[in-house]
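Should a chain be cited, it is by its letter among A, B, C and D, assigned in written order, with residues numbered from 1 in that chain.
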Amino acid sequence: MAIVKDFIWEKGIKVHELVSAYGNIGFQSIELSKAADLIVKMKKNSAKIFLTFTSNMVTSGLRGFFAQIIRLGMADVIVTTVGGIEEDIMKAHGEKFTIGRFESDDVELHEQGINRVGNLFIKNESYMNFEDKIIKILNELYQKKKRWPVSELLKEIGLMLDDENSILCQAAKYNVPIFCPAITDGSFGFHLYLFQQKHPDFIVDVVKDFGNILLSTSHDEKKAIIALGGSISKHHAILCTLLNGGADYALYMTTAHKTSGSMSGATTNEAKSWGKVKDDSDIATVIGDVTVMFPLAMIKAFEELDSEGLLKK
Amino acid sequence: MAIVKDFIWEKGIKVHELVSAYGNIGFQSIELSKAADLIVKMKKNSAKIFLTFTSNMVTSGLRGFFAQIIRLGMADVIVTTVGGIEEDIMKAHGEKFTIGRFESDDVELHEQGINRVGNLFIKNESYMNFEDKIIKILNELYQKKKRWPVSELLKEIGLMLDDENSILCQAAKYNVPIFCPAITDGSFGFHLYLFQQKHPDFIVDVVKDFGNILLSTSHDEKKAIIALGGSISKHHAILCTLLNGGADYALYMTTAHKTSGSMSGATTNEAKSWGKVKDDSDIATVIGDVTVMFPLAMIKAFEELDSEGLLKK
Amino acid sequence: MAIVKDFIWEKGIKVHELVSAYGNIGFQSIELSKAADLIVKMKKNSAKIFLTFTSNMVTSGLRGFFAQIIRLGMADVIVTTVGGIEEDIMKAHGEKFTIGRFESDDVELHEQGINRVGNLFIKNESYMNFEDKIIKILNELYQKKKRWPVSELLKEIGLMLDDENSILCQAAKYNVPIFCPAITDGSFGFHLYLFQQKHPDFIVDVVKDFGNILLSTSHDEKKAIIALGGSISKHHAILCTLLNGGADYALYMTTAHKTSGSMSGATTNEAKSWGKVKDDSDIATVIGDVTVMFPLAMIKAFEELDSEGLLKK
Amino acid sequence: MAIVKDFIWEKGIKVHELVSAYGNIGFQSIELSKAADLIVKMKKNSAKIFLTFTSNMVTSGLRGFFAQIIRLGMADVIVTTVGGIEEDIMKAHGEKFTIGRFESDDVELHEQGINRVGNLFIKNESYMNFEDKIIKILNELYQKKKRWPVSELLKEIGLMLDDENSILCQAAKYNVPIFCPAITDGSFGFHLYLFQQKHPDFIVDVVKDFGNILLSTSHDEKKAIIALGGSISKHHAILCTLLNGGADYALYMTTAHKTSGSMSGATTNEAKSWGKVKDDSDIATVIGDVTVMFPLAMIKAFEELDSEGLLKK
């Protein structure tokens, strides 16, 4: 049985060394260390990795990290919410988000045309510039065909972008499908609606896209979930793997707790109830803010996989 | 300025008396008391009320309460997630959910064909019976037309049900639209997909439905949100009221905190940044489990509105 | 196995009826309903009840409720923190606390001489008046003897007060000892220090008081804990019952989660590891704000015990 | 205004580089980055630093880190709870704690003589060995004098230990006082009680020790608080700095939220209400598990202070 070890700082300590040390500290540091090991295990066992995240993480600087994850071959399927897609497109067109405070004066921000997401700020202007782009994009898509499953539409948009830090761009380039089960739940939805008013034969086919995610994997393939935060992005990946016989590996990272029966707080023990997950080394739940926790676990996994030549070049 | 008052139990104390007393106790009890007052204010000022909840609340016994809320005229628009819709239909067909434990042995539950949602249990059998129903329902709908906005489809299903405690049934009866922006994110989605495989011209038109929720209210009308839990149901209602000039009243009830920048934990102060909410009496955020908190606030509002003849008969 | 039941409001519903209904709703409402049953069970089985709470609950209007609980014979031993003792004394001398807002401007409050505890306000003046009283009290105590175990000192103070809503007063009257393991951790500690400067032979004997709590019960007696919030008040009661063979019943009510290994978030499953608690009907953990949750559970228990004549008259 | 930057992993990234990058990511990562800057600021401005932590952190491997912090001159006053003191002594005598699971079978653990603290395990044997030591220690102390303020007693114990990773040992060596306002709230208290039974003139003088912490700083000196977790350790440091005119810098790191009015969840905005804290650069609140968060912030500060020669050699 592993032993609690006194942690001592050594000058110039690297992230992967700290995450290793976490494994002998206690509480969530141990769970975080397990998470890193689990990511390595997923990859070594050639599981198809479903990475899910909510839009606030794309608002944050994790966006470029997700793009890098795709590039390095550590995500095979993405599920997210539409806000993140909008913001990825904004940033790909040069919009800058700024750092503010949780305790801002929201009335004052409103007067300045600033929208707050926690301690991050997005200007109204960024949304307006996005609108200009999206109208052109929809026109181009409509020229190609009238009926679009969501993931195919997002791939087309990704192909129009040229940004190494863009999730959509990199996903399109590396053939990683992006699913977004509630595509209308944002500014994007409003513009789809306006476009359809002019072009009634324009259809976003969410039902067809359910088939796409369902067929993105199979019963025979090993399947892994890395769910960051909760919401439908997490649920959708679980649902898809469940219909394919259940996930073999599941890592949940969230601030939500299981006590209110919510999807956001549901634990990986559920994964066991699916009957596929075999033992405790195949699941991990880390409670904490993803912007701090996820880079730590992922960097540790990257370093280890890299040293074994298991990252895509 | 209101004073903290020592609370004393009196035999036979009623719920609305306790919630009144909460207003002078402290911490979340005060916020809960404000929530009750805010619900009364929404109604008295004839606001259009958007009620949003997540599917775990329909798993719980709040389902019948939501149906009653519709019946009594306290919800004009519903936004929810598809799991809740499935379970409402199951229960309308007589399925029973049982009460278990948070700390169940999930491997054992799996062997018994039981699915756990927190401390509630749903049998696989209930899902199988649901599947039988849904196939018939889709066939009937397809006879009527090929292209369905989600809320219209849900209304048709509601009209097929006969259950005073069914959300879909009562909503259909009282002309309250139900929006579900991620209709495919559940067992329902799987059956839509199978159906579309046989009938490729069958279309679920989420874009058209965005127009429906957008036009369910207007800039001129007063608008109120009661958001229970987070997720896209909360976000969708906020988005719709925002596009109509902003909500006048906003009550959020959740276990999530604002510290991770998530939608679930976003506070009503945001409502102020929209520029419509005028003062503190128009917003309330209650932190706590909805299954305990919401009945308390709503019952207090019901008793008060009833005594003034403001509930629908 | 119990079944989830649709909850329906009936006009004039009483608190104990709602808490009964909670038992068939879901998530924390079920745990709250179990908590009420557990309190009844403790009393029916004649357990010695250790009630613990933190000082913020005495800041709130729960103070009078705790006094009533003592009066009705539902608490045999109290453990709390010194802030609550100070505020109980303030209120017994007529000080009024007011209701403010969580989002107050703290700089402005400071200028107004107002101290904030969440959404409650305490004036500096109340502290100053307390100081006048406490100096007189210490002088009186010193006349009687020089070396005081904490609980004996608190009893003496209680006997000097005349307030039906005072915890100290009612506890003294009904011979319920109040333990406070960190008596110096507040304004009270500062005045003890100033007093001892003048009277070096004045001693507060915390070690002797540990003997007092230890001997307040025995291995033979059935023991129950109702721990509201965390901190040392919770820990001290657990420690004392543990040294007496372990608690037979344990109810924890808190907003803290177990995931960081803290005392505040430690669950009642620990009670099982003590080896005394026999089955699940003997423990309950309710996650939520005590100011809302505790009155609900306690009122339900009061009504049931009262109908069976088990409350002290 | 700072800009959100896409984070990209670079091979071999160091901890302090990651924490710098956190400053441009979002949500708690930004607050964590501020925390690191604040620690540097405290030190550069020669503030007297009050470091507080709860006993579960000493159960964890942070114990050696705290000892190192003392050695490097980054803590001038320590406030903690008695459980941590007991465990520090156990470990200094060679006891090993092991790593288990949050979801352990507590009944089984009890049969094996294992005590669980979150996902860490402590053997009964370790407690028994501790008891042997403590009896000898108390005898030695009693030979020296009969009346002991807590911090003086803890310093004597520290001087008896020889362990570079021991908090008590290093604190004694470097003249850093350790305050523990509830010294009886643990196994230690039980042995103090047994000892006093034999030696009634043995006194632990908590009142005198309040004077010691009060005089450990002054109005003129700059004062800083690093409060890890909540409980009385946090409160005691705040109280002492408040009585000395208020802290100039305050860093709170906790999993608790402010919504229930608890001390654990109280924010650093309170520090502003004291009237000493001047602006936002002087306070920081980080929400998250201390075992992950604190090493990150402290390592970043260490690296920066070390490069400027500001760490004690």
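We take it that a contact is a pair of C-beta atoms (placed from the backbone, for glycine too) under 8 Å apart; a residue touches a chain by one contact, two chains touch by 3 or more.
This one's a predicted model, so the numbers in the text were calculated from it and none came from an experiment.
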The chain whose C-alpha centroid lies farthest from that of chain A is chain C
Expressed in whole Å, how far the mean CA point of chain C lies from that of chain D is 26
So, in whole Å, the Cα centroid of chain A is separated from that of chain C by 44
Taking each chain's mean CA coordinate, chain B and chain C are separated, in whole Å, by 36
Contacts with two or more other chains occur in chain D at residues 26-28, 56, 59-60, 118-120, 257, 259-261, 269, 287, 289, 291
Contact graph of the chains (line, ring, star, complete, other): complete
Within their complex, chain D touches chain A through residues 1-9, 11-15, 18, 21-32, 56-57, 59-65, 67-68, 91, 96-101, 103, 118-121, 165, 269, 280, 287-289, 291-293, 295-296, 298-299, 302-303, 306
Per the touch rule above, chain D residues touching chain C in the complex are 54-56, 59-60, 81, 83, 102, 106-107, 109-111, 114-120, 147, 181-186, 189-190, 192-193, 196-197, 202-211, 214, 229-232, 235-236, 239, 243, 255-266, 269-270, 272-275, 289-291
Listed in rising order, chain A residues that touch chain C in their complex are 26-28, 103, 257, 259-261, 287
